[in-house]
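In what follows, a structure is listed as structure tokens, so that the remarks can point back to it.
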């Protein structure tokens, strides 16, 4: 499979079309865009058959992307509006898999102490949990309230334990009917960093966004439906340079200043070579907007509110 | 049983002796004090039979208290020294229950976002975990290294899940041979707040230190040995006032200014009444030194280093 | 002067009336209460002459108290509402001293690293400053926008410099027309901790709330009007015990179980004695709700929004 | 002047020599390297005349660089050792400008809430200030102790005030004899991020490291000697891509696959074009190691301890 270096279905779709010079619709992939206002956009990518699956390397299913523009400058109202749009997309996805009272476990992946990886744990801190109230003080809870619990299992590097091992243990003891997982994703666009949410019901491979792939979290591995909310939080620096080289050669070509070698080079994926050249041995370089702390803060408000509204 | 309002065996022993006007040794309890230097003191309380058990309401076993004086002003050297003393007490306790390579899971209870309750999660962040290295890159790990993992399961109020449910799940999937649990304790002495560590191998009732008792974590409930490291982080305000009232009546008595009613009052435990009078409905008032943030910081360094040295 | 151990004019007024068994209005003090809804209450205490000044030890001027009930549980809407009420009280106070475009410097006192003392610096972080925009990119700023700047000068213990020395230097170089100072206050009521804001135009003595009085910040010392926003964040433990002793003796009296000594004791202020008895040498004990971290978070949102709305 | 896009004298010296194909010593610049051990290296660049000044665009003076290898993995011992080396370089610089008891003000520039810019304020929090003790409780201070104060004035974007305006005000009121300024620098090497300290006595332009140059802080502007401690904390992404393009063309050249256009391109500085192409309108993209949070933590310990040892 082509290495897209992005987990966003919408970006993969674009890259695939460009790389294969496809102008029409790809068989097996439906794309639908909806501009909510000048700040909010929803894109729905549906992978409908195996051809679509192979094209963009994503399992059959729905991939909904909510893009929030200028999130770093967002005020209270923008955040509330974005949370509402998110909730509007999340609710039908939940309804598809469980009934209105089905117990839900919300899982925030990531490392609280590494800013671009802290979104998951931050969201968990703001989820309105109800499970303990329903169990211990049912008299204070409105009838029909859904049981909600929330955990932030940490990351392999600081726990020594695979996230899946922790989650499996919790699911076996708590018996939720569905899991919502929040995680960092890889993206190819700086503008999407902490400004985009991808919703899907096909599971997640945690840590993919920060270059440490771990065991898949999905219905297949957990035994219950898994809804993933992925947020791009970094772009790898080798991806950035690779994209830039391509831009650069394209420019040479349009000016008729390229040559055979360069033309061929552009056809290849030079990611691995660039990575080797660029990255000092042990460093894990990332490209991030300077405003990442504010972006993470605002995005975690949107995700937490969006989930709370939906449950 | 008498309500001691402290989880420290050493304080219970003192209170019991005072309340019962015992001047000699209590049958079933051995106490041994050791001053390390003018800043560090170790007290070992051994409950040896059922009489001791009933006297202070603590199961048969060892309760080791390490007291660190002036911790808020501690420098690098003091912290290192305290960690070494802690480790010297912890190692024999570990050796009693598992062999040198037996896998250990370190659990930090508490809520990172509530300062006096944040010690457990802060310690976890500094534990040197090895389990994933031994599993995935054994070539980089010295032979004979013990597997260590570490989790911070959150609190019922923010997860909606009993800590025991989470821990049981993890233990069943990770299969450690022993668990070390770090938790907040109740104490009656302001001077001990975040300045004392109690080590024991008889388990723990999480949240006891902050007034929310939860399910016991012990060999009985988890099926493997549990070593508890308890650190007092708050004193309840009703305890403070109760103790102060007693002091006050004592003073009246010595000045022959008391009366029958007061004398009788002093014999009783007035905690519940005082609590009712003092505490506005929903508030959970605590008494804490103003320097609590620094104290927690320093104590979590001591505990993390003490554990790392021992494993 | 009587030592009220509170900086809130409204509490001093109550204590003075009780202590002097006054049932009618005190000459020189006007009090007006206004319940906004079941969560919000505004009390306006006006000291109108020297008699009032001497009674409650507060200079002639207005003292407006906004009380927010159940702040720890506040949702987005409650916070917004509270900020609006605060702004409604703040605007006339500003208009009294400067015109709509007069430059304002907002000063957040306190220590970011000590939770109950962190409110001031936290508010500063959320103030919408405009001074640099008006100076460097006036084309992007709506005409007529007021110049706003904001500083958080730290505390004597971590800077080594009196707050007044820093402020004087800044005021002399920046030339604002008015200063708004946010600071911690002492209160006698646990319920008011981080739930009450006192607005006044008579200046402030920083650190009073946490037991370290420093040089006055006022029109007299800075040369420009000073509006103080004081928020109680701690109650001293000796105050708590003192109040409790009084309650206790009152109870004995109603049951005819007191005696002469106790009766006399109640007339005195036993604060200093209790403080000595209770407080271990170097500790600065405070009583605080367990939820202090959440309370500070919510209150700093209210204050920052309230100020932003007003400027 | 050539745009070096680095504030490190040692990097400018290398770039200048390479760009001008100089193999011998540059007139007016002395460079001396000293490897302390396999983790620590000190480089001393001396600009001795106007020729040197013009070559690397740095005023006549000393520029000492301390490089710490593998700082993200540093243990307690490494940090202590690095602090000692830093102090050994700082002390003679101080002695050159003031006597042993001359009062010093330490200034930490930067924004605490933006991780890569938080180093200055974090260091300030750990400086041992003495000024207030000498002023208010001289009996507790050893005779001959130097007066030290410390401030963290914030950044223009959150205060609305030029750092120089704040500093001037403080210096005029506090009257220190020398200022030490800690700030973020620009560097061209990812490996140097939060791993290198440049010491100099020629002043500083705050914010240069994060792309927002502000008014110079130096003896010329403050009237007293200024020692700058600059730490690279980010690399601009356009710099990264520019450097990578050069590497790429060099590789084509060695393989005889370049062409005239490319050869010419390499001679130019393409930074501005690349920047335009890469950077989405309002974003301030930075390249940073994923471990930036840990690096900042460790580096701020080194700087704070190094300063404390020296004062």
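We just call them A, B, C and D in the order they show up, numbering each chain from 1.
In this section, a contact is a pair of C-beta atoms (placed from the backbone, for glycine too) under 8 Å apart; a residue touches a chain by one contact, two chains touch by 3 or more.
The model shown is predicted, which means the values in this text are computed figures rather than measured ones.
Using mean Cα coordinates as chain centres, the one most removed from chain D is B.
When the CA atoms of chain A are superposed on those of chain B, the rotation angle is 180 degrees to the nearest 5.
With centres defined as mean CA coordinates, chain B is found 41 Å away from chain A.
Rounded to a whole number, the gap between the C-alpha centres of chain B and chain C is 36 angstrom. Chain B and chain D have Cα centroids separated by 45 Å. Residue positions 113 of chain C are each in touch with at least two other chains.
Contacts from chain B toward chain C in the complex involve residues 70, 113-117, 190-191, 210-211, 234, 237, 240-241, 244-245, 247-248, 252, 255, 257, 259, 261-262, 274, 277-280, 282-294. Residue ranges on chain A touching chain B, taken from their complex, read 112-113, 124-125, 129-133, 147-154, 156-162, 165-166, 168-174.
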